[in-house]
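Naming follows writing order (A, B and C), and every chain is counted from residue 1.
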Amino acid sequence: MHDSVMGKWLNNAWYVAAWADEIADGPIERTIIEQRVVLWRMERGGYGAVSAFCSHRRLSLANGRVEGDRIQCGYHGLEFAPDGRCINVPCQASVPPGADIRGYPVAERWGLVWIWMGDPAAADPATIVDVAHWGSADWGYNRGAAMVYDCHYLLIADNLLDPSHVTWVHRTSFGGTSGETEPMRIREAPTGFTVSRWTTDVPVAPFYRDLVPFTGNADRLQQYEVRYPALAVIKAVFVPANEGGDDAPANPRAFLMDSYNFITPETAGRSRYYWFQMRNVRPDDADLSIAMSAAVLSAFSEDLAVLNEVQRGMDTATGPYISIATDAGPLRFRNRLERLIEAEKSR
Amino acid sequence: MHDSVMGKWLNNAWYVAAWADEIADGPIERTIIEQRVVLWRMERGGYGAVSAFCSHRRLSLANGRVEGDRIQCGYHGLEFAPDGRCINVPCQASVPPGADIRGYPVAERWGLVWIWMGDPAAADPATIVDVAHWGSADWGYNRGAAMVYDCHYLLIADNLLDPSHVTWVHRTSFGGTSGETEPMRIREAPTGFTVSRWTTDVPVAPFYRDLVPFTGNADRLQQYEVRYPALAVIKAVFVPANEGGDDAPANPRAFLMDSYNFITPETAGRSRYYWFQMRNVRPDDADLSIAMSAAVLSAFSEDLAVLNEVQRGMDTATGPYISIATDAGPLRFRNRLERLIEAEKSR
Amino acid sequence: MHDSVMGKWLNNAWYVAAWADEIADGPIERTIIEQRVVLWRMERGGYGAVSAFCSHRRLSLANGRVEGDRIQCGYHGLEFAPDGRCINVPCQASVPPGADIRGYPVAERWGLVWIWMGDPAAADPATIVDVAHWGSADWGYNRGAAMVYDCHYLLIADNLLDPSHVTWVHRTSFGGTSGETEPMRIREAPTGFTVSRWTTDVPVAPFYRDLVPFTGNADRLQQYEVRYPALAVIKAVFVPANEGGDDAPANPRAFLMDSYNFITPETAGRSRYYWFQMRNVRPDDADLSIAMSAAVLSAFSEDLAVLNEVQRGMDTATGPYISIATDAGPLRFRNRLERLIEAEKSR
């Protein structure tokens, strides 16, 4: 495997720091690409994000309070603006040198709070991934809490770039019985890779059985777009058997589900996984949304169990390990990502 | 900050090892300035203290039994006198060389068992800090169990030498609303530092409200005496407004509370905190004693939460951090303490 | 003590990997002399054992499924034969080089699954220790679950080679009051050492009181045979007082109990302990078997508590420690074991 990229981070990227509602009640601390940050909701709206520890005694500012736009330290009352500047030190007339800390650009989009870990001048919220059909009355939405994986984020990206795992890991959920021999098509874009395949005339896999608005066998599209460094948009399409294919016209009986997956590396051994789904059926059915979130959580927990164990194997075993045919997508992804990281460093 | 002292220990000092009643039922093991010791109550009274591990197979003698004055190992029955000499090895005629372990001087005072970690010849129980009014029928007494802080003991000492933290950390207990701008007076003695201030004509802080035997605003003395390496006697005085000051005569309406705080370093990242209070009101009111202990525990838990987090910040963050005006006392204390430790080494 | 042997492993040996019934429901992972292995029961009977981690992505094969004789990885479906050869890689035509993993010889005997950690050519199940009276209608049997000790296996072997510890560790179970001064007889064999002693005309120790088929004092044999690297057969004999001795004839009133103890090192700080007992009284008394297992577990838990604490002492304390007279057996055992290990290396 292409392991050298696993010790490096892409800085110039928007990472999901939290669901917006996780910050509603006070400041929170997060670890993102090995950096501790504190985020807070400003009284006038919007968010601040700074490096986590007060410049005086290193108390995490998550133990402090929001005062207007600022975060105030819970030990001696030092106050910091969202850009990290120290504005006030109680019991003395002026702010001493060295009191400022790092500030991070923040943006709220799709119910999530995003943080930019690289050069602030390069932070452009318009580059945050688009979510099709957001707010559309014809599409339903469901989400889950953030999941914590005890593994490197690229193990999760590998998994998303390798749909063949579905056969073994998701035997009773996403998996079918006939998919494992279909070849994958791989397309490259500047933002990442897309792997996809049509499987034709197969029974609908258990997870989707109650969602698909037709009976009998289906043609099934699995499409996994994974963007650097670790964000996946997964499109599932089911149409009646023999009506599918990349060039087939829009199908009124198609079931469409877009799954958005945002992976935030905390450290080399721990990641957070934020996800939601959009679907083109029964948009207002709240019970269905709850059931879908539960089913997704259940299936993703199968990935989590396997990937945490893979991480344990990587941490424990010694000597080389091999790559196989289904690693083609992950290997190309890692290769390109490492080039991006190297380019960022040399800038 | 003056950090170099944080990796060094003062040996020639009495440290609190335990409440006397913690040793009543059998030997206990404690870690004090990174040394493991076992303490036991001898059958004839008094205490023994030796290095924790049997010289044979290193079973902690806390797993053994008291036999007369001696501690007997729970594995093969080796017996050690309070000075650490091995007196008996079962199944053989004589005690082999190398069987002795280190003994430590011990003294019981103020309901606490103290251990001397330095040169035994220099151990003088008369140098243990005095407790005014001990046993007086006019003074009440309350105490709590030992608290375990996951931080360096000097972070606790810093806190005791810096009353300004009360405003931010003890917002709803010891804190008032007007104290933060009063200057601190710092006095030095051979045993440590005393910082104090009178705050005049202020409302009585929540913690003291039901204790003070007068109504209306008060003049308040906060006096923190911190002795090397980490022992604090805190005096609180409340008198009616405009009757206070260092030179004011004894005031029959004064409320006086002395708080004794003994911090025992276990390791560089863990400390034990023993405390009790003496008060000049309602000495026999057992309910009040219980209520006071609960209130003190609650307030000290606010310190504990902040200081454990400061330790985490110190362990996690990199790069420099700054000092501010309120660090004057802590900085001088650390400086002098380091000189004491260096002098001890060169002796 | 003879410590140098503690960092070395004897490879050419049968180690207990598990109770057979622990593997009945699916593959399990075990750590044995620092090697992770996965064991499974084949559909046609018998067991497979291979190094734990898949050669592709290092998922432990304990997360996989048994397919016929093979173990199938739970991530991408790679299949391994019991000898470690990779037989199938899905989604591609052939098995790539480097896909094979290590296989281990396995044997089932005495209800236990044994694994050979050395040269497969040298694996001979006939060398597994014999169990006298196995299956005899005149002998009862009882067993317990495997116990996990957080200590080096040689600390357990020490203990088994040193019956003097009974006096101090098993004060209220196996211990008597008069045994500690009797000398031990030590005999050496190619497979290990046997220490034994007859204690004459003593009260029956609490553990055995309800088992011995006579009243009054007894002559008691304690015999501990410990084989390399860490397997003990302990024989207890009680006969009426003055009827014992190595040369005494078979005694119809004798109570005999054989205790089998198999210690499997996981790492230098963790061991698994499998045990069962055989007795010559009330063979079909199931309640007695249950009571005996409970009593043995209780007494062995006394050893476990002490030995885990000894390990902690070894990990914590610095400087030398001493040997005493009762260490003679353990020291000779360690010395011979180290020679065996060295001989194995030079082969």
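Remarks
Following the convention adopted for this analysis, a contact is a pair of C-beta atoms (placed from the backbone, for glycine too) under 8 Å apart; a residue touches a chain by one contact, two chains touch by 3 or more.
In this text, all values refer to a predicted model and were calculated from it rather than measured experimentally.
Chain B maps onto chain C through a rotation of 120°, based on Cα atoms and reported in steps of 5. In this structure chain A contacts its sequence twin chain C using mostly different residue numbers, the overlap staying below half.
Averaging C-alpha coordinates per chain places the centre of chain A 48 Å away from that of chain C. With touch defined as above, chain B holds no residue shared between interfaces to two or more other chains. Looking at the complex, you find that chain C touches chain B at residues 1, 164-165, 167-169, 180-181, 305-306, 309-310, 312-314, 316-317, 320-326.
Of all residues in chain B, only 36, 52-60, 63, 73-78, 89-92, 96-99 touch chain C in the complex they form.
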